[in-house]
Structures are given as structure tokens and as C-alpha cells.
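One structure is given below, encoded as C-alpha cells.
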Amino acid sequence: MHPKIANLADGLKETLVALRRDLHCYPEPGWTEFRTASLVVKKLKELGYEVHYGSEVIKEEAMMGVPTPEELARRQKQALEQGADPEIVARMEGGKTGVMAILDTGRPGPTLGFRFDMDANDVEEARDPDHRPFAQGFASKNPGAMHACGHDAHTAIGLGLAEVLVGIKDELKGRIKLVFQPAEEGVRGARAMVEAGVVDDVDYMLGIHVGISNRRVGQVVCGGQGFLATTKLDVTFTGVPAHAGGEPEAGHNALLAAATAALNLHAISRHSGGATRINVGTLVAGSGRNVIPSRAEMKIETRGATTELNDFVRERAYKILQGAALMHEVEVEIKETGAALGGEVSASLAQKLADIAKTVPGVTEVAEFGPAGGSEDYSYFMARVQELGGQATYVILGTEIAAGHHNARFDINEDVLPLGVKFLGEVAYRLSTTLPPTR
Amino acid sequence: MHPKIANLADGLKETLVALRRDLHCYPEPGWTEFRTASLVVKKLKELGYEVHYGSEVIKEEAMMGVPTPEELARRQKQALEQGADPEIVARMEGGKTGVMAILDTGRPGPTLGFRFDMDANDVEEARDPDHRPFAQGFASKNPGAMHACGHDAHTAIGLGLAEVLVGIKDELKGRIKLVFQPAEEGVRGARAMVEAGVVDDVDYMLGIHVGISNRRVGQVVCGGQGFLATTKLDVTFTGVPAHAGGEPEAGHNALLAAATAALNLHAISRHSGGATRINVGTLVAGSGRNVIPSRAEMKIETRGATTELNDFVRERAYKILQGAALMHEVEVEIKETGAALGGEVSASLAQKLADIAKTVPGVTEVAEFGPAGGSEDYSYFMARVQELGGQATYVILGTEIAAGHHNARFDINEDVLPLGVKFLGEVAYRLSTTLPPTR
Amino acid sequence: MHPKIANLADGLKETLVALRRDLHCYPEPGWTEFRTASLVVKKLKELGYEVHYGSEVIKEEAMMGVPTPEELARRQKQALEQGADPEIVARMEGGKTGVMAILDTGRPGPTLGFRFDMDANDVEEARDPDHRPFAQGFASKNPGAMHACGHDAHTAIGLGLAEVLVGIKDELKGRIKLVFQPAEEGVRGARAMVEAGVVDDVDYMLGIHVGISNRRVGQVVCGGQGFLATTKLDVTFTGVPAHAGGEPEAGHNALLAAATAALNLHAISRHSGGATRINVGTLVAGSGRNVIPSRAEMKIETRGATTELNDFVRERAYKILQGAALMHEVEVEIKETGAALGGEVSASLAQKLADIAKTVPGVTEVAEFGPAGGSEDYSYFMARVQELGGQATYVILGTEIAAGHHNARFDINEDVLPLGVKFLGEVAYRLSTTLPPTR
Amino acid sequence: MHPKIANLADGLKETLVALRRDLHCYPEPGWTEFRTASLVVKKLKELGYEVHYGSEVIKEEAMMGVPTPEELARRQKQALEQGADPEIVARMEGGKTGVMAILDTGRPGPTLGFRFDMDANDVEEARDPDHRPFAQGFASKNPGAMHACGHDAHTAIGLGLAEVLVGIKDELKGRIKLVFQPAEEGVRGARAMVEAGVVDDVDYMLGIHVGISNRRVGQVVCGGQGFLATTKLDVTFTGVPAHAGGEPEAGHNALLAAATAALNLHAISRHSGGATRINVGTLVAGSGRNVIPSRAEMKIETRGATTELNDFVRERAYKILQGAALMHEVEVEIKETGAALGGEVSASLAQKLADIAKTVPGVTEVAEFGPAGGSEDYSYFMARVQELGGQATYVILGTEIAAGHHNARFDINEDVLPLGVKFLGEVAYRLSTTLPPTR
């Protein structure tokens, strides 16, 4: 590999660890990454990138699962107290916490894209001496939020890469776009950035994730597979309450509409084209024992081995929900609060990355393909780039983990940080200098 | 009572018995009373009545539960073979077998109406020596059909009354309308005659029934109570078949739509206003074990202690059926194949009849009010006359019965025939000469 | 009426108002009436009654809908802070807050019983100047609890009656039992007192309620009618969670069990014997969108115009709940958290009371019978006394109310307090001196 | 290939065609193959085989989907009229129409097994000049039955093979068992033969089928793949009828039990281990509109990509059916009327056959593996032989077909008959002389 990239990456090790731990202290759930994004913006600007954020990179109509205004306000206040830059935060009104930075070499060449996600989980971090972040003082300071999926590492790697690229700028060609995405958890954020057009000119696109089923630093999977398409639906039935003893006929029963819907949703036909899933995960209905229930809420998810299979289930689900409402003469509101697509990585790009990986010191085990671990809204970036003629793949960087993803005791081996930067830096160098634009 | 009426009625005894037995031999289910109605028309014309029938007295759009064209044709052919008049039958095309006859005295006075039903049951008559109609040779000659509810007696009494009225015509006032209705079983026929306007000018209306809970000749109830409103629905869901193993997703499952509907129909809210009922009596769905069912049929009935209560259930049922269809993306067809209303007899008319009954020799026990025995589409006549300012009541003429109504061994004590004619003749005389028109 | 009783009652007016307002300040929901019952015990002991309470008068196995140990402890602590007697409270361990006091005249005569309920509602009392208890400083000091149904008045009347009876003790005969019942709200408390045997020797039993549909002081209904039998069920289904995407087959779905149960519960057959009701008032199921739900909770109530009708619905409900659990291989736990019976007051006793009421100054309007307002667990006392050969009735004392029962702005006209004491005192005197024991 | 086998097979061509056409004339549905089996027994005895049939080779308790005694008697009578041997038929009482014949060479060597199915479809054969069997006079003489799946060809090939083997007996080793199975349609018959032990000593087992997706004579697939496990269930719910208007509470509603079951059956969880299916193909419930339905019948099938997956669905289905019965207090009877297993052919045996096939003149296209076409109860033979240490495979012999399997116009290219005999004869020769016993 290019020795300068290796040196730069190795030299960043302590910086990266400090950065990841700072982010780990201040986790921010989806659409509330005010402090995180503020920090990203500042750092990228300092490095000389052309930085876009807020409504420039987030299409409001395509945002899914946005918290209430109260919750946004609360988190924004917290972010400011925890060091976010007020001017930057002001431009992220309404949760538009996405950031996109451009490094333009001025030389002809392809446009590369890298996507990093920034949001935390709704998990209360473990607080006992066996949990390293707690023992070493960098556990979450934000109650109910925790970086339990490694997005703190992703953001740190992204900023490390940004620094390395600046260091070798003169040897690069074309343009490089670094995309920092909010709200990957719940697959809510990617669509809004894609629909804002941030990767419409990208020829070669990469997403990354640490861990998943790769449990040692040094393992690299260059083509994640098995993206499940999914849709997350929040459904509310609204009927008419009535006294259940005195005048039951005056009611319109939202609970019965929801119960009927739940049964029929699970009874959606299996599909000969491949695996599908449906789950009514929660159902909350009614206000009191002696009142005809006038409100029922359900959290639902559909999945499919492909976008088409998920669409089949989703479309059937809509009809069932509407039919259940009609049956009981109640209103139904259906909100899509998250979505990811199916899809396949571009095989030749994955193979190219595998070749590069083998040249990187510290990379001990390279797979061209391996399981991507289910639903990821990176699939939106991948699908858009491929639709427009580009190539895209998804890289998994192995790391030891202390507990499963989303677990309150999740932690990583931080050696993945400099190694990730080194590998991605080399990828950027090699792709930018050897590949043509795709359109 | 008027002695002439008593004499005339007594003199008709043998005629009435012979007539009832002739009708009993040739039972005709609802909308196929071609021979019966033909006989009624002829007899009434012979007596000098102004006779209307066929489309004059039946509104086609309001006919419910009409048999298939094949069944109509088959029964019509049978009727002609069994002596029906071809010219008369020709005017009853499509099952319009209702008859209405007018006796106009030319003198001022009220318009009285009497309703008699003519149809038989879909019952196979018992054929053993203990069953008198079989033993004495007047059991049904029409397989699958039997007069097991006494409508043969009703028709005979109606024609006996017609004859008596002609005998005392000079002493009557106003006008008298005799209505012979098809298809009371399944509550299918009354609406079509009422909507044709046959009782729109009636001031005082009577319906009659033999038996019910009155089990001795001589008992008379002058005001039947407890009419249950009801609606009979035939429902067909039509979906799309598909191979259940190979391509289940291509199907639209009519069986699941019907199953969902059945559960939700039974779950229609109880009503604080009084008793309601719902029953999915039959459900037949699917064509084969390995095919997604594309067709499902249900026979449903709703009931209510009042018309409004039945309407509540019926309206909810429609929404449920439509919602179930929408849920599974199948078509639904809902046919009302029968209906009766609730309602209350006019109390003062019932009381007047009770006073008259007490004067009739042979009447041994008179009740002003008593149970009418459930749903009866006479309720349509009653409601229309009352709506337009008239009065209406429902008379039950007691008779010993050999077995319950609709039983294959049903038979009556034929002494009810002349007694019924006598009582109704006296009622006609007394009402026509003492009561004013109501409008 | 007896002038001494009238004088004693009139003289208590201010005491009664002060007592009712004190109780109104410190409302205690069902099974937590520690302060209230402590006060009742003390007062009755001071008056010389033989007082029984705690496990003497409450059968633990028959208590329904008891709060959690934490809630009991919290309320008990609060009661002690608000003046309850620690020794008395210690004997009410576990929520056994019922009290029964005996006045034994030593002379032969009947045993009379009077029942007063003491518990408050789970309602947050209105706090604005238009609401008199707030304006005059006696609004609830206990957040989330309020006397919004008049049980504070019942308790005050009961203690007033106790004082009057002592004042005329020498003129009374037989024995008088005063029953102060906890947890009438939710119909939870009566059964436990009845099963402890507190009215097994009562010949003539009375329950009282202020307000209901009688909206003026001076109105008295002597025989409440229309007691609806009811059962309150808390149901929990417990299944097995599983990842809905990764391994749905490993789950046992409690939500689907509950949904199936809900539909089928509402589909329980109507009953030809009279009105029934069923309501699944609330359903809460599941833990997350992508988890097969392993827990579902429902709050259900059944009702019937009679105990038998309610039993029909309740028994069907149990089968449905058990069947739903079997279907989905989940566990089901069914708790009866409340129950009331149907039943009819003893008509002759009601008539006797009506005769007495007419002699009481201030009573302006007397009805022998009138609506009792739905379900009341006084029905347990009534049924037990009647079963054992005694007579029982239910008295409604009219009062103006500021808002409907259970409303945050409920208030009464306190003139009902002395009038109630006067009437019940006269009733006690007249019944005890004129009626024989019934067994 | 062995020239004598080729000659013998070629010489049988006319005999095979005549035999197949005779069988085609007299099609017999599952468990009624009295004439067919009688003919097979006679022929095999004439050839000198040791022949077992009736209860020797059919375990009665394991027979599934047996017709009613009336249907068996009717078909038996027909068979005798159509030439079946009365003595042989007498030993097939109750539908035990299976046959197994042994050729024992007396020399050490493996035991080979070949399975041929004999039953016809419940299809009415086309009767028009374009349909060759009709045009040439060998269409079905049995109304409602037709060889529309090629089992007539299978039986003919089996008897042809029997003759060839006798012709080369001196050159064979070990033992050869020819199994003629009834009731493959509906996957009903194999289990009863396997449980009778007919293949417990078989080392190498073959099943065959003509056609499927191989549409030219000359094509041979040596290892059929994708056997779907399946279970066919006939379910009857039996409740209590009641008048729906008069006394609905007296009923126990079988229709609602079935509707609830249908919904929940379709809602059985998808399985992460692979494809599953469930279908309630038919539901017939109730007797009349105004009667609470006391009977409901369902025809159900479950499927799975493996035996385990099918078992998962089947076991869940049982619980659901039992739970639905408990819910509505009705009885449920569940009959397994058919079943097939999943499974994989023994790859090395399939490869060996492919090598042999390539040596057979007339075989033009050989595939080691190819689709077996869904569920086949040959899977029971395969599983048993493999369990006991043997090897098994499934051969598909290509043929042109006039219409799809089970179609009223199905017909084959009869050239497949001698070719099939030739190939199987060579297989028998090669396997018997080269392979060792497996146990």
C-alpha cells in the first residue's frame, strides 16, 4: 500500500480513540445528532472541505420517524450545553443533522462516495465496573441513549479518513464525497439524503460497518450481502368512545379494528419468490375497562429478501389496515417511519476492494462477500448510485465486541479505528487514481 | 253476530276443507305459486271481484329471494301440468304471483284490507300412515315442497271470506281489498306488494295466521305482538385462485375474507335499545385443498326487536362485509333475500276486534294481545298502513296442530276454516259499517 | 317521626359537614382507606360500639383488585402522616380496611344492617375557583385521588347514624350492625366482607347512595332497581419473544393470542334471556417493533341483566381466553379484579321504607322504586341476606350535584347529610321496634 | 449396455403399449386399484416372482385418505365386472391394493428396490376427437376417473421391467424387489407400504416418474430434487345447533371455531429455515341461515421445504385447531389424509445412474439432478432406505405430453415405455452386479 497513507493513519490512532470516546460520551439518537454533526462540520471545515449540511443535504419530505418537536428541542438544548456550535445547530432546524463534505482535486477522475452514520441507540448504557466505557469514564452522559452499534466508531473513522485524504490530496484525482448520515437506526435517515441528491454524481460508493458477524480486527468483508428490504409502519386507528355498559352501540371500536388487522396482517400470503416477514410488534389500545376503545396504535414492520418482496407485503398490509378501518368505521393513519431496500453490491467493485485489502498491513483475513446483517438504509445510497450507472459496495470491518449490537454492554476493540482509516484511505487512493468515471 | 254471515260461513265448511286439501296437494314455494294464484284469480273473478295480479301488484325491484330462472320455469311447467290457467300464468312472468281483489260497495265508508299468504315450505312431507294428509290422500304431490305452516288454510279462508262478503255485499260500506301474497316464507314477498301500493288507501288492515302458540280452535288473539325486524343477506366474496404451493401470492383469498367477516359480524356491538341478533348460518368456501380459495358464500340473518335495532345491525354488517373484501382485495356482492319490519299493532283496532270476537259463536277464548311468533313480513303492510294514518292489526286463529310449524308432520284442525271465515266476515261487516275512513 | 331522632340529626349538621370535608381532603382509593377506617374505628369505639375490623371482617381470599404491596405501603405511610392511628392501621395489614360495628340492645328484636362505602376514586380533583371544595379549602390533598362519587358523604352519614342510634338506644330493640366497606369502586370490596360473614345474621339490610339520578335533596328512592351483574377480568398472556426478522418461528405470540381472544370475546352469543355486555377495554401488547410479542394484557368486563346472564358471558369468556392461549402456545392468567351481582330489592321492605320516608320532615318526594344506576357490589350484601331468609333494599338519597359522578368537579349539597341521618335513624327505630326477626 | 436387455426391451414395445392402453381404459383412483393390482399380481406370478399383496404389504393403521366403505365396495364391484380376479381381490379387502414382488437370484449381492405407482386421478377424461385416447378408443371407461398423471405408464414399465429381469435372471446378483404402490395421488399410499416394512432390506432404491418438466423422450434426470414435505388434514368441528333467533346462547358455534382457526392457521409464523406453506383450501359450515352452525369442515394442507419445516407448520396447526375448538366449546376431529416427506436423493447413486444412462441407446440427454416437481410420497421410501443405511434416488423419464399433468387432455408419447424398461433393466443389471450390499 501507499506508505504515506499507512503512516498518516497510524499517526492518528490516539486522536481517533479520543474522538470515538468523546462521541461515545454524548450519544444522540436519530435526527438529534446536533452536537455530533456540529463537531463533524467544524472539523471538516478546518480541514478545508466544502461542507454542506441541514436542508442542503436533507429533503424534509423524505425524512422518516422524526421525533416530536418537544424531543427535538430538548435534545438540541442538551447538545448546546454539551458544546455544539449554536450557529451550525441553527441550520439543522427540525432535525436536519446530515452533513456532506466534498474534496475536489481539480483533476479529472471519478467521484467517490463514502457514507458514515452518526446516530446512537435508545439504550441505557450499562454502569458497572466490568463495562469498559463506564470503568474508564467515557460511558454515555445522556440518559436513555448509547452508542451500542458502533456509529461512534464510524464517525471517527470518517473524520480520520477526511484528514488522511487531505494529507495525500495532491496524489488523488477526481472528487471525493464524505457523507455523514443521521438516523440509520430504524432505517429512517438515508432516504432523505439520497432524495436530496447527495450521491447523484457518485461513480463509486462505499458504506461501512464495524463488527456484525466479523469478530476480529483484521477481518474485512468487501461485499456485504443479504440486504433485507423493510418498511416500518406506525398505525393509529381512531374510533368513537362510548360507555360499554350504557350505550355500547354508540362506539366505534378501534381495538377490534386493530385486532382484526393484526390477525390478517400475519395471515398475509407467503411468497414463492423468497423470504418475507411481517410483525405487529406492539399494540396499545383503549382507555379504560368500561369504555369502548376509541384509539389503537400499532408498530409494524414488513421485510422481504428483495425490495419487490417487501413491497408485496407492504402493499397487502395497507389494504388490510384500510379494510379493518372500514369494517369498524374508524379512521386509520399509516405513517412510514423507516425503510430500507434490498439489493446487491456491485460484485466487481467488491472484488477490487478485496484485492486492495490484501495489500494493507494489519488486514489478516479478506472475504469478497459475507452477510451484511439484515436491514440497512445504506441500501438507498447503493440503489441510487447503481440506478444512475455507478457501482456501490458495503464493507464490514471486523472487531472484537464485548456484547452484541444494541446491547447495553456493547463495546469495540478500538484498533479497528486506525486500521479502518488506513484501508479506506488506500481504497480512496487506488480507486481515484485507477478507475474512470462511470458516466 | 250477523246471522247471515254465520250461516254463509257454516255452509262453506265442506268447500273450505276441499279447497284447503287441494292446495295442500299442490304446494308451491315462494314466487312459484303459479297454480295457487291462478286458482285464486279465477275464483275471485267468478265471484265478481275486480282482480289485479302480476306486475300490477308486484314491484319487480322490490322482490327478494326470487328463485333462478330455471327453477321458476320448472315450477311454472309443473303448475300448468297441475291445472293452472295458462293465460293467467302468462301474466305472472318472473314469479309475480301476487293477487289483489277489490270489492267496492259504492257506498261511502272505510277501505278495509285483509292479507293472506299462499306459499309453501321447502319441506319434504312425511309419508306414513300416522300423518293424516298422507293417510287420507292429500299429501303433497310436489317433491321437496309442503304446506307445513298453514298457508293453505290462509288461502282457503281468504277465498271463503271473499264468498261471504259477496253474500252480504248490500249491507257493507266502503271498499274491501283482499290481498293474496306470495313468498312469506323467508320474508321475501310483502315488500314488493307494499311498494306496488296495494294498501296505500287502506284504512283498516288485518293479517291472519293459524296456530302459532294458540293450540285450540276457538282461541283468538286480536293483536299479535313482538314482531322482530329481520334482514336476510346472501353474500358472495369473489377473489383470485392460485396454486397454494406454487404461487400463493398470486391469489386473493375469499375464504379469509369470509372468515374475518364472520368473526366481526358476530362481534357487532350489542345495543342498549333492546335485543338484536346476528347469525352467519352457512359458509361455503374454496374449491380444493391446494388452491387459494377464490369464492366464499355466506347466508346471514340480522334481527332486532325493532326496525331500528335491526337496521343498526344490518348497517354495521354491510360495513364489515365491505371492509373484509377490501382487506383481501376481493369483490363482495350482498343480496337482501328477505326482510321483515318490527312494529306494533294498532291497539284500539285490536281491542275492537276483541269485542267483535266475543260475539262470534265458536270463539271460546279471546285475547286482545299475544305473541305473534317472531318475524313476519306482514309487518310491511302494517307499517305502510300506519304510516299513512290507518290502523292495522294481526290476528291469530287458534288450531290444534299435529306437529310444530315447518315440521314434516304438520297438520291442522280444519274446523278453524269456517270459524275463521265467520269471524273475519263479522269483522268486515262491523268495521265497514261503523268505522270512518282514517284519511 | 320520632322527635328525638329529628333533633339529634339536626344537631349534628355542622359535625357532619366538617366530617365529610375532612374525609374529602384525604381521599383514599379502594383497599387503602387506612386513615378513613382508622377514624371510623375510633369514633365508633368512642360511641360504645363493639367494633370489628381488619381480618375479622375481610376474608383475604375473597378480596379482589388489591393494589400492589408497594402501593399499599405508600398509602399506609401517607395515612399515618395524615393522622391515622398506627395501632389500628397495623391491624389492617394488606388492605383489610373494612369495619363492622354492633349495637346490641339486649332486647329481643331483629338484626338490622346498614352498609356505607368509604373509598375514593382515581380522579385528580379540579383546582379552580369555581369548584367549591377547592375554593373553600377542602379539596383533595392526595394527588390522583378524589371523593368524586360521594362516599365521603356515605361515611359521614354512617357515623352520624351511629351517634343518633346511641342517643335512642333505650328505645331500640334487637341488634344493629353498621358496615363500613372498602373498595366499592371497581366492585372489589363487598365480596370479601360478605364472605367473612358480617351480614349472615342480618334480618333487614340497607345500602345507601347519594345522588345517582336523584338530583334534589328531599328526594328519596326506597328500592333501587336494575342492578347489573358484572365481572372485571385482568388477563395476561405470556409467550416467548424472538427476533421477528431473524427467527420468528422461535416466538410464541401473545399479541396474536390476545387479538384472537378480543374478537371472539365480542362475538360471544347474545342471550335470549336478557341484556348482556362484553368489553375488552384495553389491550397492551408487545415490547418492540422487531420482536415477536411475548406479553399481552387486557382489561375486560362482562355484564348481565342478572347474575345468571353475567355468568353465561363470564364462563364463555374463560373458555375463549384459554382457547386463545392454547392456540398460540402461550400462558394465560385470568384475575377477577371485581364483581357485582344482579338481583332485586325486597319489595315489601322498600314499601315499608317509603311509608316511613313520608313521615320525615324534609323528605319531599318519595318513590318506592327507581333506577339504582348500574353495577354496585352492595348486591353481594343483598343477595346474602335474601338467601338466608332476610330482606334487603337499597336507598337513594337525592342531592344536587355540581357535576356527574366520577367527574373532577363533582360536589354535593351537604344538606343531604343531616337529612340522610334523620331518615335512616327513623328507619332503624321503626324497623327495630316493629319487625320480627326473619329466622 | 447389455445387448440382451436392449433386445428384450425393444421386443416388448407393442406389449407395453397395449398394457398401458388397457390400464388407461380402466383407471382406478387411490385405494381402489382392484383390477390394476389384480392384473399386476397375476402377471408377476406368471413370471415366477414371489408375490406379496394385501395386508402383507399394507399396514392398515398407516393408510391415509381411504374412501368410504360404500365407495370401496362400488369400485370393487366395478373391478370385478372389468375382469379383476375375484380371489386376488378378496385379499385386498378395505383397499389394500399394494403389491410387492421379489426376484431372488440366490447369489450374494445387493437388494435393489423399484417403486411404481398405479392409481388414477379424479378427473373426467376429455371426449373429443383431438384427444388421442378418445380418438383411438382407449379413453377411460370409468366416469370421474382418468390416468392423467402417467401412472398407467409407470405400471406398464414396472411389468416390462419384471419381464426383462426374468430374461436376464442368470446374470443378476442379489435380490430385486418391485413395489407397486396404490394411492400416490393425495400422497396417501406410500406410508402404509413403508410401515409394512417392504423396503427395510433394500440397499438401492429407485422411484420413477414420466414427464414432469422433461418434455422429450430421451431426456433422463437421475436425481430428482426439491421434494416438498406436506401434510393433508381433514378437520371437522362439531358443536351444538340452536335457533339463532330464539335461543342463540344454547348453541356452540362450529363455524366461528373454523373461521378463527382459518385466520390463525394462515397467521402461523414464517420460518427462518426455509419456505413453508399453509392453505385452508375449503371450508363448509352450517346447515341453515337461522341455525347456529353445529358443523364445520375444512380441507387443509401444510408444506415445507424440508420434513422439519413441514412439521413445524403441522404442529402449530394442531394447536390452533385444538385451541379454536376449546374457545367455542366444540369438538374437533383432525384426520391426516395424506403426507409426503422432504429429503434429498443420494447423490452418488444419482451420479452412477447418470453414467449408466449415457450408455443406453435412445437416451439423448442426461442430467444428474433436476426438479422432482413438488410433493411425492415416494419420499417415504427414500427416507426409510436412507435411514437404514441404503441409498435412494428418483428418476424422471422425459416424454412429450399433450397437456399438463392432471389435465383432462393429458397423454404421453408411448416411446417412453420401452426406453424406460431398457434403462431400468440396465440399471438393475449394473447395480446388482457391481454394488455391494450397504448393510
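When the chains are written out, they are named A, B, C and D in that same order, and each has its own residue count from 1.
Here is the rule we use: a residue touches a chain if its C-beta (ideal position, glycine included) is under 8 Å from a C-beta of that chain, and two chains touch if they have at least 3 such contacts.
Computed from a prediction, not measured in an experiment: that's the story for all the values here.
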item: Chain of greatest Cα-centre distance to chain C; value: D
item: Between B-D and A-B, the pair with more C-beta contacts; value: B-D
item: Intercentroid distance (Cα basis), chain D paired with chain A, Å; value: 53
item: Between chain B and chain A, distance of the C-alpha-averaged centres to the nearest whole Å; value: 70
item: Interchain centroid distance [CA atoms averaged], chain B/chain D, Å; value: 56
item: Sequence positions of chain D contacting 2 or more other chains; value: 246, 248, 253, 256, 260, 263-264, 266-267, 269-270, 272, 277, 292
item: Chain A residues within the chain B interface of the complex; value: 246-249, 251, 253, 256, 260, 263-264, 267, 269-273, 292, 312, 316, 319-320, 322-329
item: Chain C residues touching chain B - in the complex, by the definition given at the top; value: 263-264, 266-267, 269-270, 272, 275-278
item: Footprint of chain B on chain D - complex, ascending; value: 228, 230, 232, 244-246, 248, 253, 255-256, 258-260, 262-263, 266, 277, 279-293, 296, 299-301, 303, 374-375
